[in-house]
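Next, two complexes with chain A in common: one pairs it with chain B, the other with chain C.
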Partner chain A sequence: MTVAWATLRRSWLVTRRAYPWSYFVGTLLVGAFTMGLAYLGLRAIGGDQVSAEFAGKAGTADYLGYVAVGAAAYMFVVHGILWTGKAMIQEQREGTLGALVVAPARRLPYLLGFAMFAFTAVAVEVAVLLGFAMLLGVRPAATGVLDAVLALAGLTLAVFGMSVVLSDVMIVAGEAHITQNTVFSAIAILSGFTFPRDYLPEAFRWLGELVPVTPAMDVIRGVFTGGAGLPLDRLGVTVLVSLAYTAAGLLAMPWAERRAMERSY
Partner chain B sequence: MIETKHLRKEFGGKVAVEDLSLTIPRGRVTGLLGLNGAGKTTTIKILATLLRPTSGTVTVGGLDPGNTPHTVRRRINLIAGGERMVYARMTGRENLWYFGQLYDIPGKVLKSRIGELLELVGLTAAAGTRVEQYSRGMTQRLSIARGLINDPDYLLLDEPTLGLDAPIARDLRKVVAELAERGKGVLLTSHYLAEVEQLCEHVYVIGDGRHLAEGSPGELMAQTGCHRRVRITVSELTPEVEAAALAFDDRVRIIPLAESGGGAVERRGARSGPGVVERQRAGSVPDSVERQTAGSVPSSVERRGAGSGPAAVEGAGLGGGIAGRVLTDGGAGDVIRTGAVIELSHPGDVAGALTKAVIAAGGEPSGLEIAEPSLEDAILALSDRSMAVVA
Partner chain C sequence: MEESGVEEGGVHDGGGEGAVIGGGKGAGEAVARDRKGAGGAVARGWKGGTEDMVGPMAGYAGRGVKGDAAGRTVRDAVRHAAKVFRAEALKQHRQIFGSKLVVFSMLVWPLLTLIQTYYTLHPLAATPGIATRWPLAADPEPLLAFLATGTLGFTFFFSLVQSAWHFSMERQNGTLELLFLAPASRLAVVVANGFGALVQNAWLFACFSAAMFTMLDVVNVAHPGMYAVVFLAMLVPAVAWGAFLNSLLIFSRDAAFLYTLLDDPMWFASGVRLPTFALPGWLRAAGSVLPLTGSLVVVRGALLDGQGIADLALPLVWLAGLSALLLVAAAGMLKVGEARAQRTGQLRLF
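Our next item is the complex of A and B:
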């Protein structure tokens, strides 16, 4: 864990110096904008009403609560991937990938260090977003503390697994922008962040099952939206798919690193 | 030791390294030289475990980096002059601390080592400054300290002094030499061949990824016919002096001196009439005016008239750098007797003997220059041979 703690400290130092206030202000604005737009849509367009179909598929008629949970989870996933999944390509861009790879440190603790920092930072960001939601009258309530902890742990594991795989993809492709935006768009549609997945055609719903954040979102929805409780089967799927992603990403990492090195020499 | 056998590396269809066998023992600085694209950096990256060979074997201290990369990485480190390899938004001290953690160096050891390394690379005063505020040279020095953070058994140096100021480069060379004395194995690539000559006991020369030659810098120069060059400048080249020089060794070259500034230089032979003129284009390169003992006349020299013996060779256009011209009355006409440089490239120590021969023939040396052979000449000669073979 030495490497993980050292990487956490390094990330904190660098982030504090790189984004002193602008990053925090940007996060603040994203939270305010997301909840503000949802509020405007509900009041000005929806007439303060949601359809019975939406309530049936979402498991709740509390549209703002549904949006708040989805937006908070989406922010958690996106920012977690941006911090953890882009760590390696950031090394490549900074010219430090060679120095990192030639060191004997394993990649798992290194990425865990980034993840620890990422999820700490994201927690603050999500808190800001939920703060705005609460100002608008939203009151998300978990079905229980343990359920909430397990649901968040599942989502965290899903983000980490995806980040490890995306690390490989990004350093092999030598770019991050297209990769990350493709993934973010895909999960926004497929994984139940912004609308109930039951609205999707069946093929798309199955496609969503390939991404670990999809079952993780089902767990989040069960705990924080509608009060259905913790779906253990979906939590199990989350853990299995996430661990498979993590293992595959770590196993492929040496190959990806060599490909990255080959491209630059 | 680090040992490679029949190393081959392909990138797509392009062969970067072909059948390369190297030995890098501990306690020695080993050079790896070649022109750009020769495969030096690829080879170093393979040894540093950053790349995997297409075929062939690599062992580091008896270990296979392909099977045990993490164990091998504890024993090696890489310093690449062309890359930054340190974090811009961290201070020098923070960088070394972080890399120390990546190498799992115990806290107390790391603390003292960081201080020593900062002192070594002259960054103690800048230890608390962020790297983004460093000059390029300071960043490179920090990168060198990073490369030594794990006290590696083997140090791979790829152009380590690139961009460094002369005093810092000199200090680094001293450090590298000391590391080898302490038993470290060092592999060095550098475009500064004087650096390689100074540091390396053994040098491998590669071209197009293939082994071309190896040996000490002196052996490489001897292999390629690069010898110590003796140049004796005489203010007046008499026939006797010239004959004596040519008789000394058949490799002697006589390079006439000419007035600086160029212009057509002419020489009237002692027995030639006014219309017999030997003329040469001014500003031509030295080789075009040299006299070769085999008796061949450079094509750029135009000879006319009879009776122009050895002394009747005109020299001009030595880059305008050296002047020497003597006007004498030869009786039958004016004789412009120029000085010359008597040059001999020879493996032995012949400066004294050749000078004596020139003086004994009545020559008056006004200058004596002994140029040591250049490793650069050897590398170029080897690379030229390689290209000729490929062609």
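Our next item is the complex of A and C:
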């Protein structure tokens, strides 16, 4: 816990002194423009109505609310991965990965420290985005406080699991740009952020099940969209898949670090 | 660029800064004019370096011939620009195509974005009365073709944003200052940087789009020559846009900011994923100054609506003017930015 706390403090210190506004503005713009697209599209193209097919598949006819919740969740996921998943490659780029490898700190608390920092920072950023959504007339409501907490915890765990695996991939590949953007583009389709996954062909729906944020988004939808309530089975899947990702990522990390260090010399 | 200098070889007439600056006619002259106003550390560095000058500078400094005709000067300038262009484009090619992963940014990302946009807008298109509001969206194929043309245009322009981002690595790697010490035409460098990235990044997606249009059977072209018009209507403004972006980077140490700032606003305001009639007036006005907006008008008009040159004359003239303006602005900013960088020494800072 000492390591996690120290990492959290370090990250806040660094961020307070040099906040990467480009991260914030970049992900905020993605969310804001996605909502803007939905808003203008609904007015000009849909004539303030959506197809019956959408209402059936999404469980709600509130298109704007559906997209707003998805855009906010997408920002949460993207920014969570950008902070936590890129922590290791950032060390590599700054030349401190070697120091991290020999330090008497375990990777799990180190990454947990980053995650704790990330999710407190992201919470503020998502609040800004939801504020924008409310300006457009969106009024997101949860089916209950406990439901909301569990849904957010599920999404957080899913992001953490993905971040651990992506940490390995990034330091082994020695790059983050292609990896992160490919993952972001893929989950935007597979995980049901801006449209119901039922629109996708069956093979893609199954492919989405391999990513932990997909079941986590089903939980978010149950709680924040349509009022169906907390789907416990999907929450269970989220926890299982996320823990599997975390375990796999941590197990592979010594190998990934070795590869990354060997390549440096 | 170093390659071209070494290849050229040649001698210099020595004599310190004045000789380097004054002696070089033609290609060297353009550089020399930049140097005259410099006055700072860079210019002083040149003074000391002329005696043992080798590599890129040697070729240009020693190439001057007294009493040279104006035609020769222009020819030399063009030769120099072509050389710089070739070298920078080659460098960009090697940098970007060093890994096969680049296929992701060229094809996979635009494709995934296209799918996501289609599915996001689908619930709005399949509504009663769509044929009166936006006839094109009444059927899935034309809607997909509309979005694909938007994505194609955006890929062209976004590859320039990416190239500008790659160019900013020169600052991180500490080579930006060296680049500005080289006697290469700045404008040629930034245009070549953009062009190299553009051709490589966009060709694969262009092939994909052509294949998709064929499969969707929605292409309606007035005559085959319009394909060339479409290509040029994307290429020329995109290269000018790239040069403009690259020149902006001289002022900024946070290129990522530029990268993210120009990604989303560009697709939103240019009608990439929505028809421009869906945008509010002020946004349409703002989007009209982006060259991508004009390019998309030409691309969609020529490929989907069967419009000929006469129908598209106005947007084509507008695009040509806008491209020229962007290039002039890029040249101006390079000059101002370089002078400022020499004063502040910030080219080495990151």
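One rule holds for everything that comes next: the second predicted complex is superposed on the first by the 251 of 265 C-alpha atoms of A that agree within 3 Å, B and C clash if a C-alpha of one lies under 4 Å from a C-alpha of the other, contacts with A are read in each partner's own complex, and residues count from 1 in each chain.
Keep this in mind: a contact is a pair of C-beta atoms (placed from the backbone, for glycine too) under 8 Å apart; a residue touches a chain by one contact, two chains touch by 3 or more.
The shown structure was predicted, so the numbers you read here are calculated from the model rather than taken from an experiment.
Visitor: Using the superposition on chain A described above, determine whether A:3 touches chain B (first), chain C (second), both, or neither.
Guide: After superposition on chain A, A:3 lies in contact with chain B alone.
Visitor: Quick check on the superposed pair: does A:40 touch chain B, chain C, both, or neither? Answer first, second, both or neither.
Guide: second
Visitor: Looking at A:237, would you say it contacts chain B, chain C, both, or neither? Reply first, second, both or neither.
Guide: Touch partners of A:237: none, neither chain B nor chain C.
Visitor: A:94 contacts which: chain B (first), chain C (second), both, neither?
Guide: After superposition on chain A, A:94 lies in contact with chain B alone.
Visitor: Answer with first, second, both or neither: which of chain B and chain C does A:116 touch in the superposed model?
Guide: The answer is neither, since A:116 touches no partner chain.
Visitor: Looking at chain A, does chain B or chain C touch a larger number of its residues?
Guide: Between chain B and chain C, the winner on chain A residue contacts is C.
Visitor: Using the touch definition from the top, say if A:105 reaches chain B (first), chain C (second), both or neither.
Guide: first
Visitor: Considering only the touch criterion stated at the top, classify A:258 as touching first (chain B), second (chain C), both, or neither.
Guide: first
Visitor: Name, in rising order, each residue of chain A that touches chain B in their complex.
Guide: Interface residues on the chain A side: 2-3, 5-7, 10, 13-14, 17-18, 94-96, 98-106, 110, 254, 257-258, 261-262, 265.
Visitor: Looking at the complex, which residues from chain C come into contact with chain A?
Guide: 99, 101-102, 104-105, 108-109, 112-113, 115-117, 119-130, 133-134, 137, 254, 256-257, 259-261, 263-265, 267-268, 273-275, 277-280
Visitor: In their shared complex, at which residues does chain B touch chain A?
Guide: 11, 41-42, 45, 48-52, 69-71, 73-74, 76-78, 80, 83-90, 94, 97-99, 101-104, 130, 143, 146, 150
Visitor: Quick one: which bits of chain A touch chain C in the complex? Just the residue numbers, please.
Guide: 20-23, 25-26, 29-30, 32-34, 36-38, 40-47, 49-51, 53-54, 63, 67, 173, 175, 178, 181-182, 185-186, 188-189, 194-195, 199-200
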